[in-house]
Amino acid sequence: MKKTVLPIAIAAAIGLSVAAANAATLEDVKSKGFVQCGANASGLAGFATTNDQGEWTGFDVDYCRAYAAAIFGDPSKVKFTPLNAKERFTALQSGSVDVLVRNTTWTMSRDTQLGLNFTGTNYYDGQGFMVRKSLGITSALELSGASVCVQTGTTTELNLSDYFRANDMDLNAVVFESANEAIQAYDAGRCDTFTTDASGLYAERLKLTNPDDHMILPEVISKEPLGPVVRQGDDEWFNIVKWVGFALVNAEELGVTKDNVEEMKNSDNPEIKRLLGTEGAYGEAIGLDNDWAAKAIAGVGNYGEIFDRNIGPDTPLGIERGINALWTNGGLQYGIPVR
Amino acid sequence: MEIAYVRSEPAEALPPPTSSSGPIGWLRENLFSGIRNTILTLLALYLLWLTIPPMIQFLFIDAVWSGSDRQDCLGADVGACWAFVEARFPQYIYGRYPIDERWRVDIFFFLLAAGLIPMAIPRVPYKTLNAIFLLVIFPVVSLILLTGGDFEIGVSWWLALVFTLVLAEIIVLLPALLGAVPFAERKRPATVTLVPFAALALIFVIMGLDFGLREVETSLWGGLLVTLVLALCGIAASLPLGILLALGRRSKMPIVRMFSVIFIEFWRGVPLITILFMSSVMLPLFLPDDVSFDKLLRAIIGVAMFASAYMAEVVRGGLQAMPKGQYEGADALGLSHWQKMRLIILPQALKHVIPGIVNTFIGLFKDTSLVLIIGLFDLLGMVKLSLVDPKWATPVTPATGYIFAAFVFWVFCFGMSRYSMFIERRLDRTHR
Amino acid sequence: MAVQDHDAGSAPAARSRGSFIYDPKVRGTFFQALVLVAVLFFVYEAATNVIANLQRQHIASGFGFLQQTAGFEISQTLISYSATSTYGRAFFVGLLNTLLVAFVGIVLATILGFVVGVMRLSKNWLIRQLATAYVEIMRNLPLLLQLFFWYFAVLKQLPGPRQSIELGFGAALNIRGLYIPAPVLGPGSGIVIGAFVVAVLVSIAIARWSKKRQMLTGRRFPVPSVVLALIIGLPVLAFFVSGGPITLERPELKGFNLQGGVQVIPELVALVLGLAIYTGAFIAEIVRAGIQSVSKGQSEASHALGLTTGMTLWLVVIPQAMRVIIPPLTSQFLNLTKNSSLAVAIGYPDLVSVFAGTVLNQTGQAVEVISMTMLVYLVISLLTSAFMNWFNAHVALVER
């Protein structure tokens, strides 16, 4: 596999590199042979981390692999760029990554002012607080005057300020560059409470000296719809990322799993047939093969499988499906129909 | 008349009183001469007594030398948790570099030592060959080893090469083209100009070869590997760039001088951290959208630019210290500007400022640790990352990790400063 | 062949070595034009790329964001600031925090550097070795590592707010910072402040008068002790005369933290400590080199005149050494100011952390934010060097 070398300043300077007229991302991905995803640099257990072998694993990482599987039929044709909160949007805007799978909250300003397109919500999250059990408090409303450790550059920081203002409480925010530093300072006792998305609280709690001494308060103070992000202005690529996401949810609704996807191709259910490409030409419509969804599911499994494998109740994080259950089970995950 | 006894030989000198010689004398002279001095000595001793025994207690006596997880390092009065450093040691050296491929990094370390150590010992011969190995062969081999080689050298690279070659040849042949001199006279310089381009072309070809090595992305590199790669690239780039900038700043051409001054003052006037931020969040927007730089490469460029501005000021100091006679003498011999600089001025000026140059190198080495703020994991970054490992999180883990990192950095920096003093003394002797 | 000299354009003349190609002026112009074209091309490329990239991706640009509401809190503010303030105000909060750290750091580093620099030349062997060990350890370790060590390893040992260490006079130290009682100005406190201002003015007058007298008569006046007595004594006197209008507000434990008084956040303590200890090592070396550059005859002559060692140092050696010391000292001050940007790593809200950190993340306008940040540091650097150059010239004038 040849890798493209960064064309160089010299070439650019003497005007030899003709700035291609915004090459379509899909063509670009196909020609380089892999999908370049932006992932969380500081490592968020269960969502995106590297193991001892240097391999990326996690919920967000599996989404990236699903795109590669849908395009190439091979979930390993991915590369990851570790990004911190500050760099993530520039990296996407400038084309350093094709898609950002980095627990990014969908907000209006990000969607409209930063030249980004959110492709849906793969994890409905909300901001929560973690405190020491020894403090003896049971509600976030008792936190007036508390020191709060928080990571910079996140919606978390703004929600925190809003929440304290709305409830007329005194806030003492201590802002850190990365989640690791914030959690370390909290562990040292610099702050009374640590706040981030609830999913992050479970992941970060594992990093504490004595995880059992800490508890997560019941209040969820914000809506944090997290999802993959692409650049504006490339609708073809936007469609692919969006529909691979929907396909994974549809697969769970229809009971198509990583293991049974081949036999399901023989199913008589027209919905399954359309999803797996044995009826209609929905894949061609987004520039892929007709069995795109089947390849993605064969690569990483359906939404429920991805959830359970990385962050579900049987993992160290132990997160319940909650509002991320299928709509049929009272959750918010709702597969847009393929037809 | 009796003759009085007259000494014909001088009497043997008495040994100095014990109070002013030997260990006691030394003590009196150096530690207890006068009341003020005695008080100072006692204060210093008290300070040492306050710090040294607890430190030894923490680092060695109470330290945990072996263990498998945090349970071994928990307790009321446990010292440094060396077991943690031991368990994490491979990551501190290689980062997340795949385990099966780490032999490649080992070869890199070995080649580096094999190139640097004989270069650093003045007595070892073949310095020119050694330098060629270090400056040409070693970088190419390392690049292929560490990344996996098999680069796609695009057409634009070759075009750039040919274009620069043609440009260079035109400049070399300009006098002949304009008819000022016969072509035969410019033949030799024209041929000499070809050599570096031929070498570059060869390197391009080698870079494009597939050696069957697995590709390892730079985002997996980490630990001491990244620290050394950053420092070496920074050093290799900042010295020549700094010399050029210093010459530019002292040039008689106003435009060249102006750009050099602006460049130097800009990079020296802003903190490195903003430069790194710029490289990570702003630079991508300055490039055409089909061009993207590797993150590590961007950090290297930032660090090298920063260091070269400081280097330029150090070299300028050396140039200013040169007596005017040296310049005039070179001119009188009919040397061209570049001959004068290369043969007369720079060798002497650089020798003068070796301490400054090495200090800049040390500063650069220390500054590499800042890349952790933009999400690259150098040695310090790796240490910091390992501190949040739930398997090892204990109250003593942070102190242990930082002390280990401090020790490694200190050994490198202190070693460099001592070596520069050694070289300085060696070169100094030739002046007297 | 004088004829051909007039006819420089003709072929035989051009063939000679005196061709215009070898004219340094022509070469210089040609070379400069080349450099100019290359630089302009780079600038043009970068500018067009930025504009194209921003437009294509519909990214907002311009400085309008400075008027928008920030919506986040900052843990240390020297001017009034709340989450409803604008990004522009957040910028000034960050800038002031940077200046505070730089100023306190410079003062402490200079004191530390001078003390250690003198210690390195002490006659006492032990003191000399201690100073050497300090210098060699501190300047060979990355500052970032030292900051982490102070903040994450040392700070961790401090007790929580409920077990604060009492420092007397109501001051307390815990992991949340250093708490100092704050003065509360009651009615009539203007008298005390006025007394202080008067004391300062009188002190300046005394200093001038004593200098003049020393020039004329050679007699010295004990300026430091008189000034000290004035500046402390007069306000204290006014305090008691006016019936103690200023009271102290002591920090007390309320809820989670100590409330009241002045809180010095631990990030500030760690940052100032780290910067001062690191830069102090460099300043010590500069001071040592400066003192050594003063010839030994100076101090011998001074001793011969009957001056004590301390007086010799402060009146004879150091004033002369200052000329050697000041230029490198300036660059250390600048380094310290620039290094204060490492605050971002330990959560101190300086300019880089607040503006190039939080604001950049909230607005996403990287080009504007980073440029403004860099410009601020450039201006600080240029102003500091201008001032120090002036000061250096001032000191150098004393030379006779």
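For reference, chains read A, B and C in written order, and residue numbers begin at 1 within each chain.
Operating definition for what follows: a contact is a pair of C-beta atoms (placed from the backbone, for glycine too) under 8 Å apart; a residue touches a chain by one contact, two chains touch by 3 or more.
Everything quoted here is computed from the prediction, not taken from an experiment.
Placing every chain at the mean of its C-alpha atoms, the farthest one from subunit B is found to be A.
By the count of C-beta pairs in contact, the leading chain pair is B-C.
A separation of 27 Å divides the Cα centre of subunit B from that of subunit C. With centres set at the average Cα position, the gap from subunit A to subunit C is 43 Å. With each centre defined as the average position of its C-alpha atoms, the distance from subunit A to subunit B rounds to 40 Å. Looking at subunit B, residues 277, 281-282, 285, 287-289, 373, 384, 387, 395, 398 sit in touch with two or more other chains.
Residue positions of subunit C with contacts to 2 or more other chains are 49, 52-53, 56, 152, 156, 344-345, 360, 366. Under the contact definition stated at the top, the residues of subunit A that touch 2 or more other chains are 12, 19, 22, 86, 90, 93-94, 177, 184.
Every residue of subunit B that touches subunit C in the complex is listed here, in rising order: 30-31, 33, 37, 40-41, 44-45, 47-48, 174-175, 178-181, 252-256, 259, 265-266, 268-274, 277-278, 281-282, 285-289, 362, 366-367, 369-370, 372-373, 380, 384, 387, 395, 398-399, 402, 405-406, 409-410, 413-414, 417. On the side of subunit B, the complex with subunit A involves touching residues 96-99, 150-154, 156-157, 159-160, 163-164, 215, 217, 219-220, 277, 280-282, 284-285, 287-295, 297, 373-375, 384-385, 387-390, 393-395, 398. Contact residues of subunit C toward subunit B in the complex are 11, 14-15, 19, 21-22, 28, 31-32, 35-36, 39, 46, 49-50, 52-54, 56, 122-127, 130, 136-137, 140-145, 148-149, 152-153, 156, 338-339, 341-342, 344-345, 352, 356, 360, 366-367, 370, 373-374, 377-378, 381-382. Residues 1-8, 10-12, 14, 16-17, 19-20, 22-23, 41-43, 50, 52-54, 79-84, 86-87, 90-91, 93-96, 177, 180, 183-184, 187, 206-209, 211 of subunit A touch subunit B in their complex. Interface residues of subunit A, counted against subunit C in their complex, comprise 12-13, 15, 19, 22, 85-86, 89-90, 93-94, 110, 112-115, 135, 143-147, 152-154, 157-158, 160-162, 164-165, 171-177, 181-182, 184-185, 188-190, 192, 231-233.
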